[in-house]
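Below are two complexes that have subunit A in common, paired first with subunit B and then with subunit C.
Right after this comes the complex of A and B.
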């Protein structure tokens, strides 16, 4: 059942990407759009090649990736711990679940200047900002995961004489994991977007800073090169994460 | 399956030692909230070793509550439960195993892993896991499905495995909470036969919660008929038929007589329960 429809869906998706690139190629070739707004595909491809073959891009890539990883690590650790402890009591869950859910809806980007004020123009402000934003989906899904553990499994385990740790390892965690991994994936994408966005707003270096700089210097080929690079990298990372998530959710 | 198989032990049923002793057990839910619900009222019952006892009552009457109190999963409000001479205050995994509905197999583990984790919880040494798993799976004819996940099996197969998991615990007592409720009638009957022959072979004590009259008559040595909530013992009906029981037992006139007797006893209680539920009383699993 899934094989043929999966193939059809994949074909349409690939066709969609091909059409986007085709339209891009068409409108620049016919000069329908000014090159300042949209440089030709070929020029962008050459600029990407140039950026990476001369090695000038790697420092920015390394810095941004490291910032994302640090922000994400903080978000995951804090989110898992907070989420787990909140679910240890029904009262705490009733208090904090809606609170965290509501805080998540606040556009935290508005407070970005404060992050720069507190943590400086270096990676610190981006780490703090990304970690805070990425914290919410991890915490919320951890709460959802641990609260939905069904009582019949807990009772069965208790009747077999399970220790508190045994209950945690063999019942709570496997039961909550499928929901938690979804939170982990969403959090990663949020950390990534937050760090790049933060870098565009205010930073000394990094991919976001390079994009902002290229725009300011009216160098659209460079700007689009970075954007295309980010789009490709994010797509690959998301595919990898979805695969991992699918594996975990299967069981 | 011949009726003569186990004639020797049937008459001795009343003289065998007491395995489970329930004395004056009362249970009230929601104590101190002003919305307390009385679930059990002064239940006193002795269950003898090797006996198959059914707790039968209208749904929601508190029969599962009684079973959970016997198993140490729920604290009682008053009264005592003794198992193997010990007062029950928490689960006693080495004396009593629970078999719930088939959906309590952990879906994230394979059949084998389900057994391993159960034996690990129970504190059984690692070296024994494999043999006990194999033996229990063989007893229900499920060895070839050891590597399957529960959701890859049919409901009936899952319940066989679940039953085997209870057996693998190696306890003298098995407490069963409507284990066949989700099964179709035919599967139910086959598993009922399996259970009857298991009892004949191993001499385990089984306490079985059900609301099926036929199931109660087919399986039980004694049927404890409970009233509508708060559950109290209305009558205890004895079924004189040795295990293992053959499906032919269901065709005998006294099978229908017993079932009719149970229905007589239950009819008013079922009406009372329906009236309570109509009045907005909280339902629940019994």
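Right after this comes the complex of A and C.
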């Protein structure tokens, strides 16, 4: 979509963020909204500064980040392997692709209470939940990527005496990669959201737990600080990942 | 799908057609998974944590269907999903048409929609509950805020993909804006609209259930907590199974509607 990237779109987005902050500042200045629901911008900015300069926030950030990375690593490895093996035959692809695609439409969040039962309220339950959710986009895009490899390239490479590994390295991977990287990016964002959501529902520590706790203790400045922190970080991460994805797809 | 795949001849394997064989194998895989779960749950698993499907089926009747309070919580969740989805559809199509109608509006609004869509909304769940309370309103809102974005984005994309020749043709034959919308835009938007609606149903379910689970004082969230604290997980498995079944049915309904509306496409070709 041409209108979604590029200078014009970025300017619109930056202008929008500026307007949001302006309106936020305006309504809190004039006391149009109760501070419980929307604390002043300045207060939130000071709270973020305080959270990070005292080092209080880093433990939560470190834990959540580690949980996300572990969940994502599991999702990627399982998704790539499943996607690769399913596409080894057209029959297997026809059997498993709709199955995996349909499972992905079930809200996996339903199974989170079971993961808490199995793995406790520590990071384990969040890792399992994030990994399960993140598995689907990787597997589905890997299947899509490998099944669009043109047969004649495979025949040509084989007839020219390519080894199985050579085939994998020089034919399968290059043609599948552009589709797979999209799955990898989506999976990361899903892992991130799942881990944060899981932490809000049931956890002992982490960013999600801090947001939930701040809401429970009616401490809106702290709650908004965490929300703003997550929104900013994920927006930047998303930009970076989209750039990487674009590079890979261009090649 | 590559051109070769589409051009590949239909293989007929003996008595069964190829498609039937694929479906049978798929059903076999699902059955096998259930069988493994049954054997593992009945003989190997710790009974405090894993219940086999047979025990879950029993719990379905002893703890879920027979308990009016649980059924009311499930029913309320269903109503919340229905309302959230309907709102997503109406608002999403409305905004999508407004944004997609002309290039200027699209350039201004679409980047904002995409910016908002990329935010992991789950971080705002405690805020939504704080603002709307622990009742159905918060859950409907959270479902709606998940569902509306895919609809907007797909409607805008669908309007862009209408062949300009068809628009020019309709216009030159004196069609009004409304007629163009009804007879040219709408039929060509349908595939993209339904792609959006399918995604919207999936994420609406996620939003509503997330909010339901977050509120542990009432509804589904309360019962998952209660069932998790006894040392018999079968009712918890059963409750989750019921909700998963509802999710599957709702997703299928959207697809069914899609098939009905797009029938003319298949008949014509």
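We take it that the second predicted complex is superposed on the first by the 246 of 251 C-alpha atoms of A that agree within 3 Å, B and C clash if a C-alpha of one lies under 4 Å from a C-alpha of the other, contacts with A are read in each partner's own complex, and residues count from 1 in each chain.
The definition used in the following text is that a contact is a pair of C-beta atoms (placed from the backbone, for glycine too) under 8 Å apart; a residue touches a chain by one contact, two chains touch by 3 or more.
The shown structure was predicted, so the numbers you read here are calculated from the model rather than taken from an experiment.
Of the two partner chains, subunit C is the only one that A:99 touches; subunit B does not reach it.
Partner contacting the larger number of subunit A residues, of subunit B and subunit C: C.
In the superposition on chain A, A:159 makes contact with subunit B only, while subunit C stays out of contact range.
In the superposition on chain A, contact is made by A:170 with subunit B only, not with subunit C.
With both structures placed on the common chain, the touch criterion links A:74 to neither subunit B nor subunit C.
Judged by the touch definition given at the top, the superposed model places A:60 against neither subunit B nor subunit C. In the superposition on the C-alpha atoms of chain A, the part of subunit A touched by subunit B in one complex and by subunit C in the other spans residues 152.
Per the touch definition, subunit B reaches subunit A in the complex via residues 68, 71-73, 91, 93-94, 96-98, 100-101, 103-104, 106-109, 117-118, 120-123, 149, 169.
Remark: subunit A residues 1, 3-4, 8-10, 12-13, 16-17, 36-37, 90-91, 94-96, 98-99, 102, 104-107, 109-114, 116-118, 147-148, 150-152, 189, 192-193, 196-197, 200-201, 208, 211-212, 214-216, 220, 223-224, 226-227, 230-231, 234-235, 238 touch subunit C in the complex.
Note for the complex: subunit C touches subunit A at residues 1-2, 4-5, 22, 25-26, 29-30, 49, 106-108, 110-112, 114-115, 118-127, 129-131, 157, 198, 201-202, 205-206, 209-210, 213-214, 224-225, 228, 233, 236-237, 240, 243-244, 247-248, 251. On the side of subunit A, the complex with subunit B involves touching residues 152-153, 155-163, 166, 170-171, 174-175, 177, 251.
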